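Sharing a structure below in structure tokens format, with a few things to ask.
Chain nomenclature is as follows: A, B, C and D, assigned in order of appearance, with residue numbering initiated at 1 for each chain independently.
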Amino acid sequence: MYNEDRPKEECGILGVYAPGRDVARLSFFGLYALQHRGQEGAGIVTSDGEYAYVHKGLGLVSQVFNEVNLKPLKGHIAIGHNRYSTTGSSNERNTSPYLIETIDGPLGVSHNGNLTNTITLRRMLLKRGVGLSSTTDSEVITQLLAAPPETWLDGYMLDIDGDFLDLWQHRIKTLMQLAEGAYSLTILTRNALYGVRDPLGMRPLCLGKLDGDGWVLASESCALGTIGATYVREIEPGEIVRIDETGVQSIIGKKSPRRALCIFEYVYFARPDTLLEDQNVHLVRQRLGRQLARETHIDADIVIGVPDSATPAAIGYAQEAGLPYTEGLTKNRYIGRTFIQPDDKLRKDSVHVKYNPLEANLKGKRVIVVDDSIVRGNTSGPLVALLREGGAKEVHVRVSSPPIRHPCFMGVDMATYKQLIAHRMDISAICQHIGADSLDYLSLPGMIKAVMEGLTDQSRGHCTACFSGDYPVAIPQALFEEDGSNVTFTGAWGH
Amino acid sequence: MYNEDRPKEECGILGVYAPGRDVARLSFFGLYALQHRGQEGAGIVTSDGEYAYVHKGLGLVSQVFNEVNLKPLKGHIAIGHNRYSTTGSSNERNTSPYLIETIDGPLGVSHNGNLTNTITLRRMLLKRGVGLSSTTDSEVITQLLAAPPETWLDGYMLDIDGDFLDLWQHRIKTLMQLAEGAYSLTILTRNALYGVRDPLGMRPLCLGKLDGDGWVLASESCALGTIGATYVREIEPGEIVRIDETGVQSIIGKKSPRRALCIFEYVYFARPDTLLEDQNVHLVRQRLGRQLARETHIDADIVIGVPDSATPAAIGYAQEAGLPYTEGLTKNRYIGRTFIQPDDKLRKDSVHVKYNPLEANLKGKRVIVVDDSIVRGNTSGPLVALLREGGAKEVHVRVSSPPIRHPCFMGVDMATYKQLIAHRMDISAICQHIGADSLDYLSLPGMIKAVMEGLTDQSRGHCTACFSGDYPVAIPQALFEEDGSNVTFTGAWGH
Amino acid sequence: MYNEDRPKEECGILGVYAPGRDVARLSFFGLYALQHRGQEGAGIVTSDGEYAYVHKGLGLVSQVFNEVNLKPLKGHIAIGHNRYSTTGSSNERNTSPYLIETIDGPLGVSHNGNLTNTITLRRMLLKRGVGLSSTTDSEVITQLLAAPPETWLDGYMLDIDGDFLDLWQHRIKTLMQLAEGAYSLTILTRNALYGVRDPLGMRPLCLGKLDGDGWVLASESCALGTIGATYVREIEPGEIVRIDETGVQSIIGKKSPRRALCIFEYVYFARPDTLLEDQNVHLVRQRLGRQLARETHIDADIVIGVPDSATPAAIGYAQEAGLPYTEGLTKNRYIGRTFIQPDDKLRKDSVHVKYNPLEANLKGKRVIVVDDSIVRGNTSGPLVALLREGGAKEVHVRVSSPPIRHPCFMGVDMATYKQLIAHRMDISAICQHIGADSLDYLSLPGMIKAVMEGLTDQSRGHCTACFSGDYPVAIPQALFEEDGSNVTFTGAWGH
Amino acid sequence: MYNEDRPKEECGILGVYAPGRDVARLSFFGLYALQHRGQEGAGIVTSDGEYAYVHKGLGLVSQVFNEVNLKPLKGHIAIGHNRYSTTGSSNERNTSPYLIETIDGPLGVSHNGNLTNTITLRRMLLKRGVGLSSTTDSEVITQLLAAPPETWLDGYMLDIDGDFLDLWQHRIKTLMQLAEGAYSLTILTRNALYGVRDPLGMRPLCLGKLDGDGWVLASESCALGTIGATYVREIEPGEIVRIDETGVQSIIGKKSPRRALCIFEYVYFARPDTLLEDQNVHLVRQRLGRQLARETHIDADIVIGVPDSATPAAIGYAQEAGLPYTEGLTKNRYIGRTFIQPDDKLRKDSVHVKYNPLEANLKGKRVIVVDDSIVRGNTSGPLVALLREGGAKEVHVRVSSPPIRHPCFMGVDMATYKQLIAHRMDISAICQHIGADSLDYLSLPGMIKAVMEGLTDQSRGHCTACFSGDYPVAIPQALFEEDGSNVTFTGAWGH
């Protein structure tokens, strides 16, 4: 089947604190709005102040939940999770959120991101005698939180500053000293909801307010409107918020001199109606397109985008270049996953399963087609061929982000070094490979400029590692060698 | 849940004749491309020249079929069907295509459209002693075809002209004398594939050629590219084509002085990359938008469309009006059906489940929002409110088709008289109802002009009944009273 | 997997007429009691006097029905069906009961048995232009009943005697003149329930009375107790009963000078607590065992039966022979169907999956093991080996019915000529084949004597065709050649 | 629905070590043979010496496994589990076997039995910071085994005697010092299979040998024959066996001066073809019947048993009493679970769903009906009524075990004090309650005598706690108060 050449986000997370409301139902609709961040599994955990309740499963949110299994999820606190995972490990065992019993009551954890020192942390847990039942670092985080810090191995002493911390804040803060990499968390305990972001703020997390009666935490602000909440602010990098009957309390979990929000959230992941760093993603994408036009423009008749994600950049490009924007490709909107394989004759046309050219708009035209990124480079060629088949006289590919030359180890399923086309080829070779008349990418400074333009704090940094190779955290050598795949320390699972 | 205020197409149909190819697999991908025409059920029937094979079920094409159930569908001829149906009757019993044994071997039928004299035809069959096992008129058509014409009731004599007809052409031609209303058919027999369109050509059907080795019939040409076929031509109104080892043969089944392709195919149903009457749908929609601007323009800052179907019209409107086109609404692309009900507080925000406003583009702007149609009028109000919530200073709704004032009895699930808002209210009342600053529709002549502009044959007519009340076929009074719901003659089924 | 060497019954049928009761629920429990007669599919049709309702599916009754799908089956009349079918054709298409709409309202049919002139009847329907959607003769019966007799082909004139017949009685009576072979039917129309038995009474059907408020028809009386009904009488061979608000009315559908209840119902099919011809099956089986002892006794230490069906015969044998009866084989009661194949080493032990020997009872003993029948002879050998493995010094196999030498064409899935071991070998060869110390069967006169002993009417005959080759109806030569498999007249279906 | 008034066994467990064989397939058939010990869930874990593999699910073994999910279970070592659980907690979370990763590689555990100090052990784990994801004591055992003993809490020092122990033997031995109650375990590590029985030997476990190429551990010997293995011996109480490439090695895990095999295994749980303490269960049941006849005989005409479990006791009773044994009740063998509720009229007849009386054998007779136990007493009354309905002149109930007056806390789902009829009433009251002409139970000494008769070691003891109240281990007061239900220490789960 046709697979889009796109990086894959690892997860969407959610938290709701709303006495008097049906928090499981709110979570359902919130996860529905975050569905683009993970389609392989979904789950909700709730607490009614005494007991905790859980339901999770494989598939889309709308497939996992129905009125029958939603009903028992009682309470006024909830966390939710949409999971993306690579094919190999999409099994029940790895579904989130996790819910465990601890000495201090129930603990539920939803996690977006990827730790870079998972192997060390797994070993720490295993040595302490904790058996692990999955390969996820979400379970590692959950089990690390289960223990009172004083029981942690190796007499690890924490340099906790002077805050008065509750039981769980203490543990979360301790966890943040140990964990390296990217993590946004929503955590449920018997009586409170916590939201956490790693010190670099690599994965997003924001806070919203329900009309008079509660609070919402979500990976993206687009989920707030869906459930009738209004945007309040982002959770700060390194911040821990606790939400309970007394309201929202904030402490610093771990400070960092730098910020490193994943810039790919702007380029592709986030929904265009989401706010990141208080600026609208759609607008940033238009600016990326404008900047792209400034840097790479070539004479042409029309500008089109690869639907749907590249449309804002294409609109921006067209406006800047003073060329007509139109649609050149139709996308089949019914993306129900299929495992039917095309036969040999069809295989070379497999891009046709998803796209058809709009001959009426393309015929005889010199076409600039804007895409947001090229990862492996296996679909750009067929798309170019499709546009020519549709009558385009020239096809000029413009990419609204720089060449991707490095894998991600912080929670994005990008590709391995060997798979990244821009790691193996230079731009002219790629252009030839995909059969375009010309190919150009946005520059790294250009991308950063377009992003920064909407920010008041011009000192903010972002993670651009996949473009620049400048990783904001140390990456263990093993991960480079293993290409970042999840590693079971002792090799417990064969599948 | 949020339901779009759109008419519903009744079906998509397909036929493949391709010795040496895996016709079931081709059909699968063809149905996948036609998924927008029906999402409640799918099925494929094949013939290997000796036996016929069938698999069908409820759900999306990708849910109904897998490698295991596709494999036994052997042969070189196939027909396929995507079914839409109203909730009440979406059961296994009514799934298509039909496959029966007749005295002359297997007969499979896929049907798109609705007969207007079903009651009469059911009675004819029942009187002849044929028991019917469903409420569909597809079964009626199938059973009518099962009988040699000479066995038909009431000594009905046919005025068959001088063609030399095979067994099935004879029956199909006879059927066409009896059946009234809309029908496009693909028919499978042991050794041949037939394609049929009603004399008025109310539902589309076209012919494509596989690269050197076969033929394809499809409701829309968009399915051709997907399976590697090229567009040849439309099946003519009243035409019967037979495809077998000798190639494609065409005869006239029934002539009509007029043509009446459903104009709503242009407005909303068809995929934008489809050709209807040899012209591209996307282009027609842009022209509808242009004409709309000419007729109804008002001063404003930006033009947006209701995604995704109204985007081409919005682009056309913006070009004609010389205003910037941009995106103002984000649509949640994960439309997996859910049966979870929002709670009371959420209900009034239910449009939020599908759309969010793009504040960055809307804030402080006078917005023209183009939609392609308003049926019941229950979602336009929330959309207008959403745009205002997103900061729009003024919201002007422009509709790229005329007011819908009449139900459809020819295969479109539109609504009943009582449900149609434009049947109950005039435009200014609707405007007030939906809370817009202004509301205007495209005129009937304007719509026809935009459609005709691309046709060489300016004598062609279209069915505009839902706008004009001018039904191209006689509608029995009972249908008006029953609002067009399927009627079981003797009331066999309670559900 | 291990498969028992037993003939397979084709179906169990049921009918309920009970205003004020939940007839679908009663039918569910009745079908549950008849589950031994068919485990591949189940279905219920109901009528509320206006509409008819249906649910059916593949699997056990308890798998097909749940509270959700049972609830819509409203009304005061119901018919039900348990289906057995050979593997090849166990698909949805062939599931019963059938429900169709006719010119005179809904018609539902449950059928137990097999017609011997199906090919002729199918041709009659197909020539009349009725398309058939399955390969079952149940559909043939249903479609034959759909037509008013005067529309039937070839001017067939019926010799109807002077009864005043309602519409359906007329049709059923006409059907009975045409149909040859075995059939017990329960038929549902809008306002009445009918019960029918073929003129020879080959398949059983009985009438029961619900406590003050209704009537029940069932293949076996064991279903009556289960739903709180008391046994009234058998439906007579050739009888049609109509049950409606006026009570039970009986007419003669077709007379026959002879009776031919399938004697295998006594030997193996029927539940031991069922009454056939007013005598208890368990008791008949004990008499078969007694007679077997009289005819074939050999000196031994203990008598055991192959559980569970041969237990009554073994008890009877032991009592007659004056030997201790005990258990020698344990049977795994969890017979959930599995499709897991044993590996090669396990295959030779596959009888072990179902049985284990009870060494404590067998060790050093001369054992008489009573079985009720041997069909293909493929499990008797492993069972004998199992008993020896359990320590039996001698193993003497005694069969409480004669050798099966002929296939059945009247509704029992027995085997083909080639598969029947007693058709290919004489008794001493079979004995050697299965490795027993001795083998003996009950004689045909002995079997008949044991059955007749409990009947007051000593003129009654039974069908003994599988033992004697004396078929009570003419069997078309084609069936002998095709070994009785269901035949599609025109070869419509490949699977 | 009708529910049998029987105690419920908690589980069946299995282990296979067989290089060169398909151990998952062997496990499947072994679990199939042990299906009577648990029908709510099943699972298999395998190891190929490097990785471990797992599949488990809810339902019967034949429902949980198919060729597709069995195939990935590679390796030469396997453990399997059939789970019974009370309705409330039959969810995925609690399915067995458990598989975790530990610091020393994969660890899989199957457990039959119930610990009596679970609360203490859970607290020990939770205090150590281990989060628990279920309410089962099987998870507690697994997590206890995960830790090297030196990391265990509170400086607990073990009095380990002088054996040279491997890593896992060390842990298992340590576990056995901590765990109280009933446990038989099969444990899988990367390279070895372990079998363990608690010091009192409360739950059975035996060893078998595959023909030349491997070893099998099973709850009951009946599973050995099914997979082609021969019985070797029981695992001794307190024994740990390790099976690997060097063969079978045995050490003492914990000694106890007494033995306490659950005597109810003889009375009801075990399959009759199983060997317990090297004697055949069927034979013991016959002796229980004989002893019952000696103690409680009353003059009557026939002896029948409640099928199927009481049949051996009934045969023994009849032989001892010199009365004819026959069948008086027919049991519906299709016990597929249903959730359809009978209506009010049916409810009082619900015993009919499972049993029908055999009038032919009962009519006018004085009947002794032997049952193996009475727990709640809610089905004996309907059974007595059924026998009278079948014509029995007198009904004398004889029970082949003593009155059950105490709940079980060692792994049997018996009932609570309040539910046990013999705890609330004396025998004559029960007799009146169930409407029998007389009622008598086997005495406690009589039961013990019948069991001991086949044992060479006359010093062996058994657990008779449910009859005598003499618990072989200390029962925490909390369990008496909570009626033995599983307790979550901190109340993490609401369902």
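As a convention for this text, a contact is a pair of C-beta atoms (placed from the backbone, for glycine too) under 8 Å apart; a residue touches a chain by one contact, two chains touch by 3 or more.
These numbers come from a predicted model, not from an experiment.
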Farthest chain relative to chain C (centres taken as mean CA coordinates): A
Averaged-CA centre spacing for the pair chain C and chain A, given as whole angstrom: 61
Intercentroid distance (Cα basis), chain C paired with chain B, Å: 49
Centroid distance [mean C-alpha coordinates] between chain B and chain A, Å: 37
Sites on chain B at which at least two other chains make contact: none
Category of the chain touch graph - line, ring, star, complete, other: ring
All pairs of touching chains, each written as two labels joined by a dash: A-B, A-D, B-C, C-D
In the complex with chain B, residue positions of chain C that touch it: 48, 50-54, 72, 74, 92-93, 98-107, 123, 126-133, 142-143, 145-148, 151-152, 488-495
Touch list for chain C against partner chain D, complex: 21-22, 25-26, 28-29, 32-33, 35-36, 39, 60-63, 65-67, 70, 211, 222, 225-228, 271-273, 279-280, 282-283, 308, 311-312, 315, 319, 324-327, 330, 332-343, 345-346, 349, 352-353, 356-361
